[in-house]
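As written, the chain order gives the labels A, B, C and D, with residue 1 at the start of each chain.
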Amino acid sequence: MTELTTATGGGMLSREEMDAARERLPILYVDVVPVRVDDQGTVIAVGLLLRVGEDGQIKRALVSGRVLYHERVRAALLRHMEKDLGPLALPRVPPAPQPFTVAEYFPTPGVTPFHDPRQHAVSLAYVVPVEGDCAPQQDALELTWFSPLEARDPAVLAELMNGQSTLLLQALAHLGV
Amino acid sequence: MTELTTATGGGMLSREEMDAARERLPILYVDVVPVRVDDQGTVIAVGLLLRVGEDGQIKRALVSGRVLYHERVRAALLRHMEKDLGPLALPRVPPAPQPFTVAEYFPTPGVTPFHDPRQHAVSLAYVVPVEGDCAPQQDALELTWFSPLEARDPAVLAELMNGQSTLLLQALAHLGV
Amino acid sequence: MTELTTATGGGMLSREEMDAARERLPILYVDVVPVRVDDQGTVIAVGLLLRVGEDGQIKRALVSGRVLYHERVRAALLRHMEKDLGPLALPRVPPAPQPFTVAEYFPTPGVTPFHDPRQHAVSLAYVVPVEGDCAPQQDALELTWFSPLEARDPAVLAELMNGQSTLLLQALAHLGV
Amino acid sequence: MTELTTATGGGMLSREEMDAARERLPILYVDVVPVRVDDQGTVIAVGLLLRVGEDGQIKRALVSGRVLYHERVRAALLRHMEKDLGPLALPRVPPAPQPFTVAEYFPTPGVTPFHDPRQHAVSLAYVVPVEGDCAPQQDALELTWFSPLEARDPAVLAELMNGQSTLLLQALAHLGV
């Protein structure tokens, strides 16, 4: 949930306009759990980013970001994956638009398991296999692959912020691993 | 897609602010296909509204509307169903947040099967059984129940606007009827 | 996974024939997580049965059983719910056939999280809200309702057999609670 | 629905035993809609096989077949895709076990949209992108790629047997194309 890039112009928002919208409207997001699969399609690893948050703290995160005006959900998924994983990640975005769940991040903690102090964000969540080389970009410091078992380790889950540990567990449950 | 009610105040938008947001951000919607089920849960009828559109034309429509700031998706579903079907409809909102599909309404026709001249709306679509009495409210003139076969009639589908015929067919396909 | 009733006759199997089939074919099952929902459709409790297993041990279990020859999946869901929860449970079987997951019970432990020493069973798993009074029947001793939080208690999960704790956690993840 | 290969031995059935089982038990199947996707993951074509049926007639079909004893669903998907599309098809089996629908083929016509005169088959249906070269094998004469629009052509749909036209339309609806 670190989509900060905004620009003025056709369909784009200035920082001030975006801040105003964030106080008035739910903002549409996508969340991605990047995975490695074996040749049967079974998930063997999930990728978590290491990021520097706005507060300067280092934390783990899923690939996540805003859907822009006049942008397809599918294009938003690819844009955020390229932003965080680099241009050679070769993501295989699922062919159907049905997300495995919808995560509702509320500015007020406790309404749902998901929390975003900046805004009310509603996020379509997808599992996306990546087949290429991942190279963290921009504010992502590192991408670490965890086996499904390692990803469930309470120490790993505790490093995820804003309830994304819940989303990761939901993804693992959906995957049946 | 006729959610026009907006108000000024905490988390609410003036008409001007909403219009401005609609030119800059995807707006989060929900679409509902109301259904009647038999005691095995099989769908025996789908409900379509008759509405007066903004252009004065009468057309058929699904239950549809915006998700408000700080509103749960589930609450938005219930609010729009009550608005359109009345307070005695007894909707059974599904317990899981996974929609059966996501409909992307673009202001530009042809980008997707869905079109909304006013805005870029991204809609989470659900099938919701209703068990009570439905009484159309506000700008909904009438609710008509169609068997799954009747609902597929090209004459019926042609009365749906903005690509909602596609969404109805997707719902029927998902239901396996 | 306690469907033992078989009978000889049209489309039915003797115990010997069923035993033979169980060594040669995957057997189609359904698993049901019965839930109580509030008037928004949010799950407030999940129901677990207390059963006497074939080994005489008491254990917790989901509603589960075989799909019979020439029986609709939907009818099998209702039959097993009535068998275990009684005729007044008023289950609301979901209108769409898409299960939230598929559980593969293998006779060999460790192939999947699911295990059934008697057979290779492949089970379509559904969450089903029940609105009426549940009265355990036949080999089900008791039905206990747990809040989603209580249901995740390791002590409760440990009482489920054959990997059904995994299935329960998958259901809770799917429900977003 | 042309899985005929059976063999005697560990977990395998003689033709006679399989015929007997088919009169007594629902048989677990998988159905696959093979698709080509572009680099955004959007489906650009669906693949339909041309087969010689048991009656000698040529008809179109989806990739389809039985799940064997002690075989994972995932392995069955890959086995049937390799059998029908050849070893170089490079299928991308989805990482999650949730099918997009469940098709119930009844020996009696009219119970569901799906019909199989030989048996009661319950089929888990998946959309599977294939990235490699497809070369029809065994009783599959040809694989033809159709655009989503072409696949909906009544003349094409009429060539599918046993209700698979319904399953194809369900897949296209699920894909949102």
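In this text, a contact is a pair of C-beta atoms (placed from the backbone, for glycine too) under 8 Å apart; a residue touches a chain by one contact, two chains touch by 3 or more.
Molecules present, by chain and UniProt name: A, B, C, D = ADP-ribose pyrophosphatase YjhB, NUDIX family.
All of these numbers come straight from a predicted model, not from anything done at the bench.
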Tell me which of C-D and B-C has more C-beta pairs in contact. C-D
Given that chain A and chain B are copies of one sequence and touch, is their interface built from the same residue numbers on both sides (over half shared) or different ones? same
Between chain B and chain C, centroid-to-centroid distance (C-alpha), Å: 34
So, what's the distance in Å between the C-alpha centres of chain D and chain C? 28
By residue number and range, which residues of chain B touch two or more other chains? 72, 96-98, 100-102, 112, 174, 176
Which residues of chain B touch chain D in the complex? 101-103, 112-113, 169-170, 172-174, 176
In their shared complex, chain B is touched by residues of chain C numbered 35, 37, 40-43, 72, 74-75, 78, 92-98, 100, 127, 129, 174-176
Mind listing the chain D positions that touch chain C in their complex? 11-13, 17, 20-21, 23-28, 67-73, 96-102, 104, 106-108, 111-112, 120, 122, 124
